[in-house]
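First chain written, first letter: the chains are A, B, C and D, and each begins at residue 1.
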């Protein structure tokens, strides 16, 4: 099975998720730019989510570029990832409606954490399908960033009940971790050529 | 007529349906995760619909992969399928607003049952266009899963007025039926090569 | 300039229009299927619009398939067509909110009539770009269906103020006119080969 | 890294933005076409935004068509552009809700101005990646339209607090500036062949 249509479907779903999040933002009541100040936390949650979903698109792009073959298990692991990403607009709306309540802040971490697990599952399924000697397998063999993200979300979700700001700071840490460009796959591919 | 643009259009519509369903979910009133408990039935309906639409995408993907030619009848049968799939977000919202009333639960089954019929019609149109000896025709010649799904929906819809939980259990049965991977098309294609 | 990306962009916009229309439908107040009876007119407007947008996709698909070259004028004529198609969800919502008032019924005809004009403009721009001897030009040289549709909308819009049902009957006539398959382009292409 | 998937993702996001803007339009209260008169300003804002987003799609299309290579910096500059474009539906809704208040009118200019900067950043990143002698670099070397747009937005945003109509007139000027077709890239490409 070729990767083309999976890439196209994933790109389509991710493009829609990243765009419909804006429908969940509430406009300020007045007509002043200062009215945006009250909405600043949710605008920052929107920005954080936009970068997060953009990172998934970017990394997914690189991973599938290095992939030769996919099978049914890859399709379902990928659908699991898309399911959790599709809930991002829902938790943004909840954060907004509840004024960043502890439960909604924890839910945000659960959704992003489950998406991280979905990404790992997709990675494992691709390696199982392409074999441990394939370029994609060698390239992602030490995925400490992926496991690190999952660990941080596991810590951040219960901490949301202690302080929402600690949880949010940890969510920002995960994004910062990924913004450092991942040169592993590119390097491995270069080595093969 | 080539299958490329039909695949792209279907993928686009299915990607949008699977993603905008989330706009229909109502967030919990409070800020506690326990507030999700009240919304659990509709979150499960969302999950069930996500898997259902994902299954249509997956099976459609396999079917068109084995298809050489399409004609106007295939285009219209496919549009009939997409029409009923497009109503899935509508019935999820109705289920939520009515608190899983009998009528809304029946409507959910009608929409998914009509989509099943649409899938069968698309399958028949593809066979008519490619001939009974084509790989796709031999691969799907005994489509007992498709007819079984339609039969289950025919039974489940009136039963929704007896008990909504029986209807919902039957809807879950249909999904379980399809989650068993369908190796027929892959097997037939292998035999040809 | 190649037609590939224009086709992809048009398919994307049309797939989104055809899918988000469902977000405009209001669910019945009660939980009974009989509650759908009150919503029957708007469900029929949804069905009519779904077929209309599907027809545009289908005909656009055939036209671009026969097209070799496009230029800036084609891009802008096509964007004009997409602009009016993008207003279809808006007029469906207005029809629903106003209970099929005369003004909203007229607006529905104006939007679809302007889309028809947009389709004609795109057709003219493609002929101007490919020359009068190109396959696409000879294939669509007597586009009586396109001009007929525009004429019917010109008659139907003012008649909406006399009787909304006459206007709606005329809108259904236009769809019926197009559902008769258009074999001209296919025939011309066959003749060339 | 090839441009194909970036084009597809950008097209997807732009197609969704241009289409979901319509969900933000409020239908007239009555059923008369005269009811549209009250909504005329926001319909014009919708039209202006539709043309603006269409221009971005068109110019982006031409620029990437002339581009051979992209890198991580191009991906992030492009995501920055898409982030600001994604806020267009949000500011249209705010304009509508606030009755074209000064703050909302300024916010509209800020969002479009930041999108202009995002387009310039993408242009610079593409030139840095393809080298100053590449076709795309020579073609866009004197991008006075891009810098002119940014300058006009810088002037228009504070003027929104003096008079909203001056700001809106300036926003229309920017669109007019771009509607004059840009033959530079096409000309340079012709020269190379």
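In this section, contacts are C-beta pairs under 8 Å (C-beta built on N, C-alpha and C of every residue); 3 or more make two chains touch, one makes a residue touch a chain.
Each chain and its UniProt protein: A, B, C, D = TMEM175 family protein.
What you see is a predicted model, and the numbers here were worked out from it, not measured in a lab.
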Those chains which touch chain C and also touch chain B: none
Interface composition of copies chain A and chain B: same or different, split at half: different
Chain C-chain D separation of Cα centroids, rounded to whole Å: 27
Whole-Å separation of chain centres (CA-atom averages), chain B against chain D: 38
Where chain C touches two or more other chains at once, by residue number: 8, 12, 16, 20, 23
Touching residues (chain side chain C, partner chain D) in the complex: 1, 5, 8-9, 12-13, 16-17, 20, 23, 72, 75, 79, 82-83, 86-87, 89-90, 93-94, 97-99, 101-104, 106-107
Of chain D, residues touching chain C in the complex: 7-8, 11-12, 14-16, 18-23, 25, 27-28, 30-36, 47, 50, 54, 57-58, 61, 65, 181
